[in-house]
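Structures are listed in the sections that come next.
Two complexes, one shared chain (chain A), two partners (chain B, chain C).
This part shows the complex of A and B:
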């Protein structure tokens, strides 16, 4: 095999692409610009930690099942950890979002970072909703019977039936978490690829 | 489980919640408090100096 053959292999090309965009010092940098020393930058990481807690406690709930989380003390505790991690998740995500909005952090070819954030936000709302209707208690019955009319009015009810517990649970524990985690990974990798957005006064002038 | 009756007395969940109704604004106190806490955290995150910030500036 000649060296040009090797250069043309898809493995070689992909490796060059990945290491070109993301050399090790960008994946795990040891310094950040001075303006990153602000509390507002803590909220992206807080969101990530809360999401990890949501998924970890979700695993435990999935292993033991509804009887356990409704009737045992430890089950109630893990159920509460799951709920309160979601509360922290949304709390931190909204502050993160406000911060990035007022920094206009989509500047300098960072649109994909912003847009993956937007879609993660919408996905998380759907994940929280399907979680509320998957509780298997009177609360979830009440929420789903109230929500069905609204969702049916949009026409989505024919494929997304909030009274179908099996379907809601699958969305909640398979599809939506998968999408949220993949989008979060792309989001954070994009921050590493592009670097943290500079303040307005330090930013290079943008082409119109 | 000793604290449970106490908590239940402090946060009664078996009747309607309290709502702020101001023109077209209609929001439960619980949600309004969470929104207010988020705004407070946001303002604090911008105003409160980050520890070690000066040290880093000197070393630059």
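This part shows the complex of A and C:
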């Protein structure tokens, strides 16, 4: 096989493409532009580590099943960790989102980075919601019986039945976390590929 | 040369770079978030109010249970008049000319008379009076059943719970008295909970029918009201006790608090339409002129990048 043949292989082409867009120094950078110097930047990584806490605590809850936390003090505490991880996750994500909005972080061919972030946000809302209706307690009863009306009214209730515990639990622990984690990974890769958006060029405020 | 669009294009950065240890940052963030989460969980815990069962409901408020069961027979409950995806009780909510749920159709069939009353009663063994009552119900015409239910319902405003029985001062109501009493006894024993969830077989994870039945009663809503969970109390974004709940649903829940949605019979589909539009706008901000200029015009970025502007 000639070197030309090797260069034309799909695998070789993919490797060139990946390493071209994402060389090691972009994956694990050791410097960053000096303008990345604000507390607002902390909330992106905070969102990610809170997500990892959500998943870790969710793993522990999954080991003993959805009813365990009602009958075990340890289970209840793990549920509390799961709940507060989610609260911190959303708190950080919302601040991250608003921060990126006010930076107009979609500038410079970063629109897809913004969009994957928004879809991750919406997916996370759905993931949290399915968690709330899978608690197997009064909260899950009330939230599901209230939420069904909105979802049913759109026609989506025929395939997304919030009163079906088994279905909601599967969405909560398999489908939506998988989508959220994949989207987060894509989002982070895009940030690494394009870099952090630079500041607006300094200009005097526009006259009214 | 292509014109520079300040809300779309980013200037090339030729300024200085600073050391950045991404692994160290991630590790510190993880430790800090872990400490914060442990502290919050230890201080505040998490709510776990026991689920309402049909047994607990019918023991706490047998009259409400019996009234609800009668409503299922009478077709006056929320479920009976719901429409798609459960039944043909109504056309459902409309968005302009569209009844979206009705277009999709009945995909999760729920027949309140059969599923909540007749089928569970039929499963009760060794109850001769009940068997006779059910035979009378089954052999009666629809008009006769309606007459019985109507007479019983009119008298049911004086319904009481006395000596372990539902008492309704009504005559000529056919099998209704036996049926409602038997269903109430079945509910109070816990057998109705089982009958409703095992309708699909031994294994089940689908609680659609018992949840719909419980939600048809006022007992459930009164419990929710006492926990500030009703729709006009910012509803489902709250949790029992004083936990933050799904605070991120504030905008969704907000619409239910204001006219015209607070009194609209189509509020659910209208609010969903608004939220879909809002989500689409958020998603497509980078492409919407005017909207994408807001950050540049409000100049919050001056605060975020104040060091950069101060030194450059």
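By our rule, the second predicted complex is superposed on the first by the 200 of 208 C-alpha atoms of A that agree within 3 Å, B and C clash if a C-alpha of one lies under 4 Å from a C-alpha of the other, contacts with A are read in each partner's own complex, and residues count from 1 in each chain.
We adopt the following convention: a residue touches a chain if its C-beta (ideal position, glycine included) is under 8 Å from a C-beta of that chain, and two chains touch if they have at least 3 such contacts.
For clarity, every value in this text was computed on a predicted model and none was experimentally measured.
With both structures placed on the common chain, the touch criterion links A:147 to chain C but leaves chain B unconnected. With both complexes superposed, C is the one of chain B and chain C in contact with more chain A residues.
Within the superposed three-chain model, A:187 lies out of touch with both chain B and chain C [touch as defined at top]. By the touch criterion stated above, A:38 is placed in contact with chain B and with chain C alike.
Looking at the shared chain after the overlay, A:172 reaches neither chain B nor chain C.
By the touch criterion defined above, A:94 lies against chain B and chain C together after alignment on the C-alpha atoms of chain A.
On chain A, the patch touched by chain B and the patch touched by chain C overlap at residues 34, 37-38, 40, 42, 94, 99.
Against chain B, the residues of chain A that register as touching in their complex are 34, 37-40, 42-43, 73, 91, 94-95, 98-99. Of all residues in chain A, those touching chain C in their complex are 28-38, 40, 42, 45-46, 48-50, 52-53, 69-70, 76-77, 79-85, 87-88, 90, 94, 99, 101-104, 106-108, 110-111, 114-115, 118-119, 122, 125, 128-129, 132, 135-147, 149-155, 157-159, 161, 163-167, 169, 197-202, 205-206. Interface residues of chain B facing chain A in the complex, by the touch rule stated above, are 1, 34, 37-38, 41-42, 44-46, 48, 50, 52-53, 56-57, 60. Chain C meets chain A in the complex at residues 6-13, 15-23, 25-26, 29-30, 33-34, 36-38, 40-42, 44-52, 82, 84-85, 92-93, 95, 100-101, 103-105, 107-108, 204-208, 211-212, 214-215, 220, 223-224, 227, 229, 231, 235-236, 239-240, 243-249, 266, 268-269, 271-272, 279, 282-287, 292, 294-301, 304-309, 311-312.
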